[in-house]
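Structure incoming, see below.
By written order: A, B, C, D, E and F. Residues from 1 in each chain.
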Amino acid sequence: MPYITVKMLEGRTEDQKKALVEKVTAAVSETTGAAEDKIVVFIEEMSKNHYGVAGKRLSDM
Amino acid sequence: MPYITVKMLEGRTEDQKKALVEKVTAAVSETTGAAEDKIVVFIEEMSKNHYGVAGKRLSDM
Amino acid sequence: MPYITVKMLEGRTEDQKKALVEKVTAAVSETTGAAEDKIVVFIEEMSKNHYGVAGKRLSDM
Amino acid sequence: MPYITVKMLEGRTEDQKKALVEKVTAAVSETTGAAEDKIVVFIEEMSKNHYGVAGKRLSDM
Amino acid sequence: MPYITVKMLEGRTEDQKKALVEKVTAAVSETTGAAEDKIVVFIEEMSKNHYGVAGKRLSDM
Amino acid sequence: MPYITVKMLEGRTEDQKKALVEKVTAAVSETTGAAEDKIVVFIEEMSKNHYGVAGKRLSDM
């Protein structure tokens, strides 16, 4: 606790995801006072055909 | 804003998903007053072995 | 199935939410072929101090 | 209703997932009074590179 | 890990929720092999005006 | 995009939540390359009677 879910388009590299988990954990710990070892991060990736803005999927743009 | 997530079994065609995003966006805009370009739709698909009703997975029926 | 979650700022009237559920259900049924009585809609409301864009909460703008 | 989501690392067998859906449904029915045929279970699997604790992904440990 | 979310209508007693967390945790541990102290349960309650089936909210039935 | 959800126990101050949104947004932008104005943060609070670890709710400890 806290539990953080980051939902984003697929395509980031492993290095980016590794840094993402590290930096988000640090930001949450610093601002909420939660210990780092209590913080959980989930990454959820979506594909362009499963994400739409303004009625249009990214895969159709 | 608003953010809509549609969770359904895998198997719909790209044309169905394209229409889904378009029509759901229109329905949300019409009823909430939100501008279409502020509306986000996520599609999440599940497989039959990850979905159970009444204690039984679809893949076991 | 399908299951639709609509996440939006609090403040819509009951009439708007009622119409939202009705119209979204119709849009999902029409485009996916799912029977209306299999479609579930969840509304999740958020307050302005729990929603941030570009690093700023709506309640701080 | 109720709707249960079980999020866990990938790797369980089909037999484990089948039993999971069955036993969780029974536990929810027994404790909430909901009829078993109204209970829905979703399984969501994550990979080790999309799950981090204490700022470190499982895939980096 | 695993993380279980139980989404249901508001109205259960504290005793029911207490038993729900206990029994669901046991069911998940038994079927997945996860240690009980690694299992997390979240309860999310919804009101009848935020839950619709077949295009109709429970509060409108 | 990306969309970040932070789920945590209620009780943080408005200043903590404000800083949380700001710092998490910066961390996600820095590590994923996404522009800050495309990043959305949702805060979800839970109460101690709706959160259990090892089969026990926090409100029962």
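Just so we're on the same page, a contact is a pair of C-beta atoms (placed from the backbone, for glycine too) under 8 Å apart; a residue touches a chain by one contact, two chains touch by 3 or more.
Just so it is clear, the model here is predicted, and its values are computed rather than measured.
Asker: Among C-E, D-E or C-F, which chain pair copies the contacts of A-F, with over half of them the same by residue number?
Answerer: D-E
Asker: What's the rotation angle, in degrees and to the nearest 5, for a C-alpha fit of subunit B onto subunit E?
Answerer: Nearest-5 rotation angle for the superposition: 180 degrees.
Asker: Per the centroid of Cα atoms for each chain, what is the distance between subunit D and subunit F, given in Å?
Answerer: That gives a centre separation of 22 Å.
Asker: Using the average of all C-alpha atoms in each chain as its centre, how far is it in Å between subunit C and subunit D?
Answerer: Roughly 25 Å, centre to centre.
Asker: Of all the residues in subunit F, which ones touch at least 2 other chains?
Answerer: Touching at least two other chains: 3, 7, 22, 26, 51.
Asker: Sort out for me which residues of subunit B touch subunit D in the complex.
Answerer: 7, 46, 49-57, 59-60
Asker: Which bits of subunit E are touching subunit D when the two form their complex?
Answerer: 1-9, 12, 16, 19-20, 22-24, 26-28, 30-34, 51
Asker: Okay, in this complex, where on subunit E does subunit F touch?
Answerer: For this pair, the touching residues of subunit E are 14, 17-18, 21-22, 25-26, 36-45.
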